[in-house]
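Below is the structure I would like to discuss, written out as structure tokens.
Naming follows writing order (A, B, C and D), and every chain is counted from residue 1.
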Amino acid sequence: MTAPTSGGPVDPALIADLAAAARILAARGVVDAFGHVSMRHPTAPERYLMSRALAPARVTPADIVEYDLNSDACNPNAPKGFLERFIHGEIYRARPDIGAVVHSHSPSVIPFGLTSRRPIQAMFHNAAFLAKGVPVFDISERFGATDMLVCDCTKGVALAETLADKDIALMRAHGSVACGPTLESAVFRAVYTEVNARIQHWSHALAGEDSLAALSPEEGALADVPNQTAGLRAWDLWREEIRAEAGW
Amino acid sequence: MTAPTSGGPVDPALIADLAAAARILAARGVVDAFGHVSMRHPTAPERYLMSRALAPARVTPADIVEYDLNSDACNPNAPKGFLERFIHGEIYRARPDIGAVVHSHSPSVIPFGLTSRRPIQAMFHNAAFLAKGVPVFDISERFGATDMLVCDCTKGVALAETLADKDIALMRAHGSVACGPTLESAVFRAVYTEVNARIQHWSHALAGEDSLAALSPEEGALADVPNQTAGLRAWDLWREEIRAEAGW
Amino acid sequence: MTAPTSGGPVDPALIADLAAAARILAARGVVDAFGHVSMRHPTAPERYLMSRALAPARVTPADIVEYDLNSDACNPNAPKGFLERFIHGEIYRARPDIGAVVHSHSPSVIPFGLTSRRPIQAMFHNAAFLAKGVPVFDISERFGATDMLVCDCTKGVALAETLADKDIALMRAHGSVACGPTLESAVFRAVYTEVNARIQHWSHALAGEDSLAALSPEEGALADVPNQTAGLRAWDLWREEIRAEAGW
Amino acid sequence: MTAPTSGGPVDPALIADLAAAARILAARGVVDAFGHVSMRHPTAPERYLMSRALAPARVTPADIVEYDLNSDACNPNAPKGFLERFIHGEIYRARPDIGAVVHSHSPSVIPFGLTSRRPIQAMFHNAAFLAKGVPVFDISERFGATDMLVCDCTKGVALAETLADKDIALMRAHGSVACGPTLESAVFRAVYTEVNARIQHWSHALAGEDSLAALSPEEGALADVPNQTAGLRAWDLWREEIRAEAGW
């Protein structure tokens, strides 16, 4: 088996942004030693970029590896990749509109995958993207008892099917995946899914059996627009923090 | 259209305090990449001062912009301002007694705007200002489905009407606004509204259906007095922390 | 009126320990900009030592002031003291066995003073001192509507009466007071009262209406003994952290 | 009485790893001033290594002491050890497959030892080791009212009997013990037991009386396998953080 061909060179500033994204997610408590972020190759849509298997807080630009959509590394000497990189490859294959993917086990979000009693909703405008609905992927429905990992293309396809046309999917007893058209938007959504989940826990505690005055789907669609523009100042802040710490 | 005239020069120490206030709010977890603080112009009550659109943790004195009460910048070359600066302009117009305004999405407070089952109350004397009552502004009541932002004078007027003669208002599925006669008091109130909300969540969890022995309105009025004097040592501490970090 | 006489010189190492105790309490989240710690004068039991009115994180040895049990400063030129120093003076007067007092508004503890539905209990051996029972002081019972502050001797006497022979008392809609024979034990108890309260909140959430298998009074009495000896390694750790940061 | 003989020299890199493990646990909030970690002697299974009685954050390689399974120090001049080192000695005696033991009072875990209403379960794959079941040791069942400490061999034996063939045991009104074949796995399990407990609290809050879609025992067994290999990147991250801070 020969390695897939590369999609061509990528602007080093983009590579540095991707490495920084991993550290941003660690700094915001979205990932701990586990979890990963990827971006689609900017000029070759059948390729994507992602760090080798490494704790997100330790990623540097030199750790970024190029994969095809089967999640095979383009460099035959590439270091070991994440076991679950198939999450990324299959979402890029299924959803041409998605440019970046974050997979995390962020702690406040996991409970929403363990019970269907109260689905995740958008508690405030920064989490407007949640108002479209958030499907839950239960790996056991199709695959029975497993190690819970999306560790091959088949399982990646199943997850991408559950995600369908949404931007976020929960993974039962595991974590979640947050997607966006750009690296900045995927990171923003991963961060605010966790923040929103924390807020929603307290909101239910306060409201008891009453429903919450969450964003309606229409409000969600409208509020998501400024998140894509004015919302970039979150990325600017977070990126600057990594630059100050890492020097790149 | 010509830019409004300036209200005149402002003591650089005050400008530095305003920039520091933004960083204080970030350091205390009241704002994250979003949220803003303003102060009325010290000698021109029809003008106010506020940073350009920027994450609060990054604000420096050079980022402060002067606005009139329509929230138009006095400098025609001013950098882009916050989309929601109209919150500030209209509150200053409606309430001559208010000298500073903080808008935030502080996470423990948002739940109280998503359910009317348990209104926010003053859990301890540092949050005495809450005992006067805290109205909730639901933008959809007058404006239907929106992007949730108070992004023009009309919406700002509606918010100021809901605030009425109180010092704090919640904004449904969005955040809150905390006001005070001085910059120090507005910052103090924004911080202790968040602290109080955290305490109130646990208090209800403990008390179940029982009511809480919160401050009565009379106790609140009495306890708010020392907060305005002895309470200043909170500002002194927080201001000193920013000075140590930022050098101004 | 003349100032009370001093109880005599105090070992500078003890003064530094007292200043460090204020910073330890701030570093552990027991106090924020408010709250205070005092110790009885080591050779003059009718005198006590406490910082001037200052945020605990900023206290240095030079800020320590000597008071008599009426809470009048022995130095007529002493800087302004805390409004609530009478908490300390009256507890020292009523309880010769107490050598140090911490007053705080630590956030997890306040809820237990706002409802009598579930009294504070000892969730683990480090908080064994709570198993003796924790009275609640409601200032309004004797004084009606006030600013909630224990700001004179009369109110201090009432609080000390509620404390009676216990080591901790809660103060309704305000905070708590933690005492011990030594500075180290009072700080230990203030820290673990807060830690215990956090644990108790989650324990009730888990147990629902069931009671908790907390320490019995007999277990509490037995477990409090090693806390006074082996427990000192907490002080050693915390004191060392302040020394590393402050240089004293 | 003569001291037991030493099991022989140990690679200094292993000693440094053990000291680092104590600091890792402190940095992750699993231990505070209290709690301890040990490892079995690599070439003498009747001996184990553990720091002297010291707050975990302060441990250095020079603080590591060798004990026999009666928890007597091999060096007659060894500094004072932990009162509860018998936890470690008796688990090593009863369970030859265990190579490292962590004892902690990690705060989110304690509630599960105070009520039997909702046993700890595996909320996500990183905590797969919990799916085998977690017994609760109540010291009062066999020993009546005590100071709660496992401070001699008899109590250590009783705890080891409760642990039986499991990897984790809770200790009522005290804390827990997490074990593994290697130092890395015991630390991993102690960390993720705490993380899992936090997630489980919120999961029950959300699900109300409904059960949780936790890992089944079969899923737990399968998911624990990659935790032992890919899971090592957590150790790599944490170990690197201590190396950067401590220089060893």
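By our rule, a contact is a pair of C-beta atoms (placed from the backbone, for glycine too) under 8 Å apart; a residue touches a chain by one contact, two chains touch by 3 or more.
Since the model is a prediction, treat every value here as computed from it, not as a measurement.
A.B. asks: Examine where the copies chain A and chain D touch and state whether the two sides share over half of their residue numbers (same) or under half (different).
C.D. replies: different
A.B. asks: What rotation angle, rounded to the nearest 5 degrees, superposes the C-alpha atoms of chain C onto those of its identical copy chain D?
C.D. replies: So the angle, rounded to a multiple of 5, is 90 degrees.
A.B. asks: Let me spell it out: compute each chain's centre from its C-alpha atoms, then which one is farthest from chain A's centre?
C.D. replies: C
A.B. asks: Counting in whole Å, what is the centre-to-centre distance of chain A and chain D, each centre being its mean C-alpha position?
C.D. replies: Comparing mean C-alpha positions, chain D is 33 Å from chain A.
A.B. asks: Can you compute the centre-to-centre distance for chain A and chain C, using the mean CA position of each chain? Integer Å is fine.
C.D. replies: Taking the average C-alpha coordinate of chain A and of chain C, the gap between them is 46 Å.
A.B. asks: Mark out which residues of chain A touch at least two other chains, giving numbers and ranges.
C.D. replies: Correct list: 205.
A.B. asks: Chain pairs in touch?
C.D. replies: A-B, A-D, B-C, C-D
A.B. asks: Would you pull the chain C residues touching chain D in the complex into a rising list?
C.D. replies: That would be residues 122-126, 128, 195, 198-199, 202-203, 205-208, 210, 212-216, 218-219, 222-223, 225-226, 230, 233-234, 236-238, 240 of chain C.
A.B. asks: In the complex, go through chain B and note every residue touching chain A.
C.D. replies: Where chain B meets chain A, its residues are 32-34, 53-55, 57-58, 83, 105, 107-108, 110-115, 117-118, 138, 140, 145-149, 172-175, 201, 204-205.
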